[in-house]
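Two complexes, one shared chain (subunit A), two partners (subunit B, subunit C).
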Partner chain A sequence: MSAPASTASLANKFLGAGLAGLALTAVGLFVSDPHGVALSYLIGISYWCAIAIGMLLLIIIHHLTDSGWSTVIRRQYEHGVSAFTWLAVLFVPLLLSAWLKPGFIWPWMDLAHPLHGGHGTVGQDVLYVKKAGFLNQGMFTGMTIGFFVIWIGLSALFRKASFTQDRDGDPKWTSLSRRTAAAGVVLTALSLTFASIYWMKSLEYHWFSTMYGVWFFANCVRGALAFAVFITVWLYARGDYKGIYNTNQFHTLVALAFAFVVFWAYVTFSQYFLIWNANVPEETFWYNIREHGDWLWVGMLLLFGHFFVPFLAWLVYRWKAERRPAFIISAWVAVIILVDICYNVLPALKDAHDEPLPFLSINLLWVLTSVVGVGGICVWSYLRSLATTKLIPIRDPRIVESLTHHEAAAPEPGQVVEGAH
Partner chain B sequence: MGAHASDHPVPAILAEVKPAVMPRPVLVANNRDFHWITEKICGLVEGKTPVWWWWCFGAAAFVASFTIAGLIYLVATGVGVWGHANPVNWAWDIVNFVFWIGIGHAGTLISAILCLLRQKWRTSINRPAEAMTIFAVVCAAIFPVFHVGRIWFAVTPGWLFPFPNSNGIWQNFRSPLEWDVFAVSTYGTVSVLFWYVGLIPDLGTLRDRFTAAGNVLKARIYGFFAMGWRGSNRQWSNYEMAYLILAGISTPLVLSVHTIVSFDFAVSLIPGWHTTIFPPYFVAGAIFSGFGMVLTLMLPLRAVYRLDDLITQYHIDCMCKIILATGTMVGYAYSMEFFIAWYGANPYEGFAFINRAFGHYAWAYWIMISCNVITPQFFWFKAVRNNTTLVWILCLFVNVGMWFERFVIIVTSLARDFLPSSWGYYSPSIVEIFTFFGTFGVFSVLFLLFIRFLPIMPMSEIKMVIPAADPHGSTKH
Partner chain C sequence: MNKTYGIIAAFDTTPEIYQACEKVRDAGYTQWDALTPFPVHGLDYAMGLRRSKVPRFSLAGGITGFTVGMGFIAWLGLSEYPLVVGGKPMFSPMFAFPVSYELTILFTAFATIGGMFFLNRLPMHYHPVMKAPQFVRAMDDRFYIVIETNDPKFNATATRDLLVKIGGKDIAELEA
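Our next item is the complex of A and B:
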């Protein structure tokens, strides 16, 4: 009863779906525009990395703030970050493409890559030459390896401390995790910032914005919170969380997701507004190409779907505290984050007239296969990890506080919690 | 979820729950009870005015006179008495404005945002922090109002506040400077309301105590402001709801105020100003400087009034950690600005940042970096956080650093903009220096009056976080 009921069968299904998605994406390279397929795969990787990074950040924030309420949920993040290893493996094809076929995904990797509008090549582009010390294959590869080393290393430290504490109940693991979180928050903030710059922003390397890392951070945490809602609702529906997870914990989790809805809007609006208001062509072009064709409507979808819909819905208390509406809104958020990443990546695909290829195109299919492919492996990794440990960190110093979140009485250690529902 | 335990059996895993022992720190030390808290806080108001208070008040009033004299001279003579000149037409006035507005943010963060986040450690420090917010807004407001020279023009013909007039002259509503007028005045109003609502139960207590002591005049004054508070169940219920609503309103308001302040610069094209990270970076900086000022004020107050049991080492720890976190965020923003100035490959942006670090104002830049990025890193160490003298000194550096941050942003960019032929070097006039110096006196006078005549801590809120308030003896927070 300690670990949740078997998830082996479900894990295998996700593994199968993941492999099928990856296989279909690979097929796409031969039957469709390979550039579009490659960018779609980059979207799949970036999306799932964002969710895993968000979970890592939530673990870090939990430890840094000595949080009580989120202790019963934290274990799920610890399982979630097990996916980093597989994400690193899945990133290898992108790294290989950087060396074997430079410029295939990131145009600046190929100095002979022609610029749009017949303005010479990347190597002749003064704007590239100025930033060549940062935008080069060696730095890209080294930094990307560094990002994964940081994320995998931090995840391993947190997982080891938490899982070992289940066995020995030593408070030193909590102290150790707190110290790891202190160093980890700086490393994670810097790594996610530069990952977003290298992987997504540099696709249109002329463009720049100091807010970009903060935008990616907001999406990471929003994605992780959406998946935390899915996981906890699923565990509750299976019966694993019954008697453990209560309305107050759930409401607090969704309230945090609500706060990040506002944070995302704040960050994204600030970036757009300041660029729109200054009206400098070297910045506005990034938004201008996103007003062509159906990208304008994708922008509108983000404005209303990424902010207004969840914001207005979650103003209602009941929709934060009840499983079904919170689950539906979280599912919407999870989808719209994917759209947001598409909005940042796909317009880099241009037609012969230097216009971005439409959003509604065959590329969406490859985005779907990539997201299912990478996601299947990530969920499989989560489920595999889930089966190996206790459902909740039973020896964590704050576990009773978490189980009785918002209840007046904190029971004695070891006492079965009455009314922990 | 909504299900109840009776709907399903209690999972066996709950029987395995045996938490490691890591008790949370207490929020009120030495098992102080309700009575002690009331006596301690009311005693500060009821007791004889300490001699040190008079000395401090006299000194503060003297310093404040510098601002008054400076402003009178400015109105009588004209804004030319300040050192502004092409190309630096914004300087200490807006630097000081942003500095003081930023100081105020910690008060709202502690009272509103930490309230929404259910952080119980806020209770001992929220009242003085809120007072600090209001007094800081007063000091901040001096500069935009007086920078118009003839201050009556601020209202009519409406250089700051909209005023219908026969000439149909209106402000530029598309300017963030005008948004500032609305944002700051709304913020000031809500901050006063929030502070006052929190004071009501404690004013009622003071009224009752002065009545019992036979001091009719004071009982009437405190009774007037207590607005008939009787502590009934209905009144508490309304009070709690009002407090929560004000916390909800204040939270977006405080964030919007410093966001708009950041827009003052970021909407422009001036190199070093136009950067998209400004809004969150300014908010983080404001919280950083505000907590610096809270500790600067609270640590001497704690020592003088012997408030160690109410402002414990845990409170100091938490504030130091917030300073560390926000200081590191500010450091992130500085780095990102510098990096993107290079990455963006715009020669003007690149020059602006190189000039900041190595140009004529490099001394100001490195003071800023030392105070805002390096100083808070000392708070990683517990030994530093436990040394209150050191904490106080480091917080002084934080205050200095945040003033210099605004100076660096504003003056260096204006002094060396696009056109080398118009470059200049700004130095403040003695009037500017004295006017700014005096605002510390204005602030101190108001703060000293606050600690003398009002309960400096929310008694009712502190009582709610001590174990005696919990029938089960829980200490969780």
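Our next item is the complex of A and C:
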């Protein structure tokens, strides 16, 4: 088994697409409503952060549960999380806006920001004043830096342990990663929850939901699993995974994605159901504005497209075990996660009558340029990292177990390292 | 002698039983089984078995459970005993959802267990292999193939020859 064939030219194409997307987004700030463009950029960052966080979580869960089957796929997550460094760089403009133009993106940063309906300003709003210790620029900046320190730090630890083990084969790296994962699961859970609260939920700071972090977590893992399907199908089609990756591993991966379809539906429904049932105005307004105009149909699209379509499709064994249908469904999921984030962010844009601006608008173009822009950089980072190591962690203690997942004709441990198949 | 149920042959290792199953499968037999002390991954494939039909029972159970939950709550609220609770409508799929969801799971579980019993013809209190003294080792350290006489391809001599050829040991006829 050799190192993967060169991906340098492909990586450069993604870098080019990323830079073009970012440039177009920057142009958008001058030719379109800058507030809409800024929120679109926030969506682009949040979307790709979600996928990278999901990959970090899958590494953590792999180590915590001492998994066997996912060892062969884990290396791809380790390449994926290399994007955190670039995501941190790409977040800088948002942090700058918080200090240079407070209230531009997050209204609570500007105490003089008027409330709709002549109810004074943010600074006079009791619902802000009670939260002021949490919602202020210093906390926002410090916490955001903290999130990226946690994500970049954990990613670096996992990557170093795994890549070094390729060379020295020492099992101590596996137990070290397990300990990193034990601390990391708490840090990642807290940081992704607070990130979703600061970046997205606080756009409408009156609202609160204890399910918000869990909702974001569900999207993180669903996004990462969708990209794991893309990556494995791509590596298989390229020939790298031939003889390494079998139907059982693929089926198990997609079955996990299927489980998270149900999990996403469970938490998203609970959030809606508890707010619907309690019927408290401070909470229901958030859903009320999302029943205005075309947002109602976006909500319906999420209900059916984010849950029912992938749920019913993946009840079929063949569509979990075969590459083509699993790829198509994963692609649909990857798109609908973006719609879900739009549904959470974009209604913060209001017209003069405090009604949300429609979903179908020029802002979708800026969402597209932002997603391509940030995504191009992330994929470029992944591809660059992919070229630097072996395709799979060949000296991981569980690699043989992973390669022979549910196969009777299991090769002996000594045979698999170099091209046994 | 009583009617013969089939022929049993023993194998000592998992690779042997795995390859023997492939050969019995390729010889075109359909009414036969492999007995192993523990699950052998991939043996279903080597035996040429199709995927289980149990999921169809599960799906039917799930749909029934969901429909029963929604239907029962709708019937109760709209017609049998209309009662306003917390200012909510007489019926809404929102509050009916948690119960319907639980019933989906419950009925799916029932249908899965029931379907498995039905397809395996369980409970089965007697099986001819239990009469073979060597069968006890199928629960310990040996592997067996049993080819039944009601298989269309069964032929007392040819089948026995096949089992010998693929490495079967202690070949014996089983009383029905």
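We adopt the following convention: the second predicted complex is superposed on the first by the 412 of 421 C-alpha atoms of A that agree within 3 Å, B and C clash if a C-alpha of one lies under 4 Å from a C-alpha of the other, contacts with A are read in each partner's own complex, and residues count from 1 in each chain.
FYI, a contact is a pair of C-beta atoms (placed from the backbone, for glycine too) under 8 Å apart; a residue touches a chain by one contact, two chains touch by 3 or more.
Keep in mind the model is a prediction, meaning the values are calculated, not measured.
Within the superposed three-chain model, A:Asn277 lies in touch with subunit B and with subunit C [touch as defined at top]. Shared-chain residue A:Val400: touches subunit B; no touch with subunit C.
When the two complexes are overlaid, the chain among subunit B and subunit C that reaches more residues of subunit A is B.
By the touch criterion stated above, A:Ser9 is placed in contact with neither subunit B nor subunit C. By the touch criterion stated above, A:Tyr317 is placed in contact with subunit C alone, subunit B being left untouched.
Within the superposed three-chain model, A:Lys130 lies in touch with subunit B and out of touch with subunit C [touch as defined at top].
Note: residues 277, 408-409 of subunit A belong to the subunit B contact set and to the subunit C contact set alike, using the contact criterion stated above. Those residues of subunit A that touch subunit C in the complex are listed here as 269, 272-273, 276-277, 279, 315, 317, 406-409. By the touch criterion stated above, subunit B contacts subunit A in their complex at residues 1-5, 7-22, 24, 252, 255, 259, 263, 266-269, 274-280, 325, 328, 332-333, 336-337, 340, 342-346, 380, 470-472, 474-476. Those residues of subunit C that touch subunit A in the complex are listed here as 14-15, 18, 40-43, 46, 51, 55, 59, 86-88, 94-95, 97-98.
Touching subunit B in their complex are the following residues of subunit A: 1-2, 64, 66, 68, 126-127, 130-131, 134, 165, 169-171, 173-175, 182, 186, 189-190, 193, 197, 208-211, 213-214, 236, 239-240, 242-247, 250, 262, 266-267, 270-271, 274-275, 277-278, 280, 282, 321-323, 390-392, 394-401, 403, 408-410, 413-414, 416-421.
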